[in-house]
Amino acid sequence: MFDLSPRIQELKQQLEAFMDEHIYPNEALFYEQVKQNKWSHPAILEELKQKAKSQGLWNLFLPHSERGAGLSNEEYAHLCEIMGRVSFAGEVFNCNAPDTGNMETIERYGNEEQKEKWLKPLLAGEIRSCFSMTEPDVASSDATNIECEIRRDGDEYVINGTKWWSSGAMNEHCKIAIVMGKTDPNAAKHLQQSMILVPLDAPGVTIVRDLHVFGYDHAPHGHAEIRYENVRVPVSNILLGEGRGFEIAQGRLGPGRIHHCMRAIGQAERALEAMCRRAADRVAFGKPMYRLGSVPEMIAKSRCEIDQARLLTLHAARSMDKYGNKVARQQIAMIKAVAPTMLCNVIDRAIQVHGAKGVCQDSFLASAYAKARTLRLADGPDEVHLNTIAKLEMGQYL
Amino acid sequence: MFDLSPRIQELKQQLEAFMDEHIYPNEALFYEQVKQNKWSHPAILEELKQKAKSQGLWNLFLPHSERGAGLSNEEYAHLCEIMGRVSFAGEVFNCNAPDTGNMETIERYGNEEQKEKWLKPLLAGEIRSCFSMTEPDVASSDATNIECEIRRDGDEYVINGTKWWSSGAMNEHCKIAIVMGKTDPNAAKHLQQSMILVPLDAPGVTIVRDLHVFGYDHAPHGHAEIRYENVRVPVSNILLGEGRGFEIAQGRLGPGRIHHCMRAIGQAERALEAMCRRAADRVAFGKPMYRLGSVPEMIAKSRCEIDQARLLTLHAARSMDKYGNKVARQQIAMIKAVAPTMLCNVIDRAIQVHGAKGVCQDSFLASAYAKARTLRLADGPDEVHLNTIAKLEMGQYL
Amino acid sequence: MFDLSPRIQELKQQLEAFMDEHIYPNEALFYEQVKQNKWSHPAILEELKQKAKSQGLWNLFLPHSERGAGLSNEEYAHLCEIMGRVSFAGEVFNCNAPDTGNMETIERYGNEEQKEKWLKPLLAGEIRSCFSMTEPDVASSDATNIECEIRRDGDEYVINGTKWWSSGAMNEHCKIAIVMGKTDPNAAKHLQQSMILVPLDAPGVTIVRDLHVFGYDHAPHGHAEIRYENVRVPVSNILLGEGRGFEIAQGRLGPGRIHHCMRAIGQAERALEAMCRRAADRVAFGKPMYRLGSVPEMIAKSRCEIDQARLLTLHAARSMDKYGNKVARQQIAMIKAVAPTMLCNVIDRAIQVHGAKGVCQDSFLASAYAKARTLRLADGPDEVHLNTIAKLEMGQYL
Amino acid sequence: MFDLSPRIQELKQQLEAFMDEHIYPNEALFYEQVKQNKWSHPAILEELKQKAKSQGLWNLFLPHSERGAGLSNEEYAHLCEIMGRVSFAGEVFNCNAPDTGNMETIERYGNEEQKEKWLKPLLAGEIRSCFSMTEPDVASSDATNIECEIRRDGDEYVINGTKWWSSGAMNEHCKIAIVMGKTDPNAAKHLQQSMILVPLDAPGVTIVRDLHVFGYDHAPHGHAEIRYENVRVPVSNILLGEGRGFEIAQGRLGPGRIHHCMRAIGQAERALEAMCRRAADRVAFGKPMYRLGSVPEMIAKSRCEIDQARLLTLHAARSMDKYGNKVARQQIAMIKAVAPTMLCNVIDRAIQVHGAKGVCQDSFLASAYAKARTLRLADGPDEVHLNTIAKLEMGQYL
């Protein structure tokens, strides 16, 4: 229904074929291997990565850069949705969070040395990265609350603080963190913060524990609580410069958020598909479930909500492509406020149609719900985005 | 944000200028004149029609026909939304319901004689028309319930039945009705019905009363209950042929529904604008309302819902243009299930922000709500559309 | 299901019999008479009042006073709900707003002279009263915004201000207003306001116009905009004393709010009854509507919401009886935040089940919705009550 | 606010003191011990059980029986809510599901031999039980779908079938199952089923696996999938008689459902408490969260919903006490349709206020949500209960 360019149509077909041939049939195997050795890369993942790379299905994100595949945000959206259907598929194509966001950050704001050292192996899929922003002790939705200290000491910065929800950091391949902290607590409110590159093997970095999401550990990635205790890195590890952490955060979060939303739409499609299949298969009170009571409305509302969220996301992507992330910030806030809630609602209905099967390990729904629910908080809770939308809307009347 | 062709951009600007210059400033006058003489055309309306006609802002609907302005559904959508902001604006441009639907019906399904006699003066805006389908005594959402009898008697059809919600029929300019009824109650379920042209001055046609909507009489159009008692019309008045009423209904309702939705989006934009202005103007508990409690979320959610509904509507319009109304029927059902509810929600929030002013004659909101609420029933209740969506969605799994 | 005392059981049966015998059969007549002479008392109303009075079904509100029927709030709740089923029934039993609130205000806060002059004829049903608090120019939900001036000048107070939504004031029997205004704009915030009795025939009182609610004029009561221009009343007309307006407002609003909620429950029961009857009578798509799609859920959810709101209201009434209106203020805020929205939802579903009949004059639903929607604003918008609930809830944690 | 008898007031205080002194302080220890040895009883649980028993806080459920504490359903409701605040507290007082339901079933429908052998040790808390009704292969919400076979063979019944969600059966103390299956597939629809007692150590009983709920294994109880393969039990193990399974199910499910709802209210209170404490502790955008944006409304709505659900539950309990479970079945269906959804909504808001802490192991919220969500399916999905409510409501109009 969308006017896709021939190149995107082709990529889409190629990607769907790859999913059908290589990803879906290996889902069970992936989780089995993870169970063997939680925090390492399962062999099947490496195998799939090689396959994808050899087919050119690699680094499809990263618009406006010669390092990426040269796709616009809107073009990537169609592909990212497909990857989003399987939780680990993104990584197969080197398109998974938070690595995409981190790569885009280094690409946009890093210097050549930083790119050589970290971006290159990340783009090659050789190492993984994490993003250390949120802190357990403060309401991090207001980023000015962040307390981690980045103090300059000669040619080094000394980092002290506790971060959590550093996703991906439990994995043994995770080598580098982008850490947000305060270089100058006395500067103007939005100039106090900086972002800095911290190798996870630096002395003073401790992985304290892994955080669960509704009972899931999200291996092989995991969400780490990390203590940074007198961690020393060379001054050249700073990104863009002291006091520019907010600026980077603004730039970084747009793409990160839209990728989340694209994947959310893929997840929602898969949940709706599961809902329909279940409704077709089961009979209760003398009728197939798809004709029973409010089940048709559950299906119909899900279709309406998914299609609307997709169109909003594509529209936001187009705005980003055309006018830049800053002009498109109301659009970005809108999809972040809309897509995760939409996904929660669609999965919730799918669970209801599945009955007890929907809450246990026999379907992907409960696990998908846990992630979807978390997405209403990650990269800012719904309330913060709604507030942004309102502020920008009111702008024209004040 | 949308890629409008230069012609549409120009038409849009022209239309917006016309609204600013001629429509908004005359809203009060219009209602004042209506009060003087309920069921005639207010002078200002005729005056505005002439102005619009002379500017070429006339018959902008009617795609794929040389009688219209040559716009696609998608192109028209951008214009129809703007007209939708003011309840009587559509008629100024000869783009109001149910005349648009009736004109499109005669254009698509009428013979040359019918076009000459009825379509021509309708396109010229000289007469008005109504659509007599719904009946008070049966659940008309299931059109097979319709009981009106159209019996052939020699060279004439004899019509007997009571219809209501024949919108526009209270007006003295309304001259012709398209009536749906059964020509053959023994035929297959979807071949029993026919549509026929009935002049309102035919003997046996009685306007029984006008129906109110939440206390509003919707003058100068009004919604009529009409009794057809042994009304005789020549057999040539039948549309398309006996037993083809359902076929016409299918074809007719698509465009009718999407026009409703386009106008709904215009209404919603106007309501959101009113909400923001009010929130900017009033202070309570020491704060401007736009910063108070949940008011920002009311604004933000409205923006999200409007934009999603607009994108869905444009997308449906594009599908109709590209693939035809039949292929696009899930899309059409989706917008009809989505847009009226969206509009109700947005207006409801605007009312809440306006306080008591929102429910009385000092704002357009209460009156707009009454219409919006009715739209959840007109051309099929939400439930019927949701059911259609579900049925089409399930198709691929059965 | 409730343990009603024998007296209340008897009163309830008596009241229900009265409704069946005298009220329901006269609804049509009432509105017909109103149409003849909008702002006077229709004859049937006077006739019914005499009947009710002679049966002792009179002044059933007004707890803890020898002037009332000696019922507690909880006892009255069961009766008030029944009266609430018909919009004009309250007045038949001299139990209608705003007279009940005004009578209770004068009873609690008036002096003997004021009671003799105004309370007595009000209790006798000989005159009617209005309450002039809300103002068109400020957000009156924050009562500190109120601007009406009550200036002392010798033995008189001089009143200047414009009030609107003075309900009941359009009627020719309305003789007295309780007006809220500022006696001392320099006093502490909650001591600036006073309430004063103003006869509507005092020079300087102008009924400016009647306000409509969603197209309804609510005759024979109506909602008036009143201009008070240099209106002079003796100083003895002040209630309780200068600067005690807020104190009275607090005391007055509790009972007023709970009565609204009781009536709302009666309205909701009537709407649910109508919904069920319609669902039983109509057939669509081969089934009676009560077995069709989501209709059963619409019925079931309505039953759940009504019963919960009733229990909450009875519980609040019991709290008021046992601990006083001040201690019960979270309970009162809760029912005011819950019952009107519940009523809107139930009526909205009933409308949907009725189809087009539900929005027009052929059912009571559209008119009931308009009132219900207004109730989400009257005596404070939902948002204010929710805020009160939250503040009281948080009290224990701060 | 409720009129509790002195005995219940005293029990309530005693129970609250026990919770404060013994349960809350041992929550962490309980889960630590569970981690050591998943499917056995943690030592702390046994210790707490002895303490509770010695205080007489034991078997407080089971109304109208000399084996219980002699409390009515309404009286027990106040206590059960308190226990519900901690997931394992019920068992401390021998008041946990599914044992309560099983004990009540044997008490009401078992013969003396069955009572001696199974009820006695269950009441003593020496063994645990499970309920094997739901099956993986059919929509068990329609119990006529159940396929498990109970075939008579001489003096024995032979049982064949696969059941899942036999909660509690993973625990080593679980010794007995009540199994529902078909004794006569040719009998009238509601006479095909029977319930039978099956010792878990009988040959042919296999615990296939444990089912997870949103990633949680719910140790030490767990939810088992059980295969019954040619399991033989003496004919005396049948409950009540062949073909009376539905009759027992009806009788059993009422109390089971209301207990779930009582506990749900306790959980909701705890979640609201957590929400308020968090809102009091955190500051964002220059304000404590309890004054920020829509947070007050989240608190207020939660209070309104909890109180309404509690009142509805108490009212249902009173109806059961007064009129029996059969007459009260609309009330029972109502609370089952209302309380779990209410609980999901309250916890969901609490999660949102907690941010990322709310979805991980650092609060009880995510785990509580998983259970609450499951409760919308357990003992019948919402849809089935809503349908029951509608059917009973419509009864008076048909």
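Every chain is named by a letter (A, B, C and D) in the order it is written, and numbering of its residues begins at 1.
Simple rule for what comes next: contacts are C-beta pairs under 8 Å (C-beta built on N, C-alpha and C of every residue); 3 or more make two chains touch, one makes a residue touch a chain.
The model shown is predicted, which means the values in this text are computed figures rather than measured ones.
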Chains touching both subunit A and subunit D: B, C
Per Cα centroids, the chain farthest from subunit C: A
Centroid distance [mean C-alpha coordinates] between subunit D and subunit B, Å: 52
Inter-chain centre distance, subunit A versus subunit B - centres from mean C-alpha coordinates, in Å: 43
Computed distance of Cα centres, subunit C from subunit B, in Å: 37
Touching two or more other chains - residue numbers and ranges from subunit C: 293-297, 383, 387
Subunit C-touching residues of subunit D, taken from the complex the two chains share: 1, 272, 276-277, 279-280, 290, 295-297, 299-301, 303-304, 307-309, 311-312, 315, 318-319, 330, 334, 337-338, 383, 385-391, 393-394, 396-398
Subunit C residues within the subunit A interface of the complex: 293-294, 296-297
Subunit A residues touching subunit D - in the complex, by the definition given at the top: 134, 136, 138-142, 145, 164-165, 211-217, 223, 282-285, 289, 292-295, 348, 351-352, 355-362, 366-367, 369-370, 373-374, 376-378, 381-383, 387
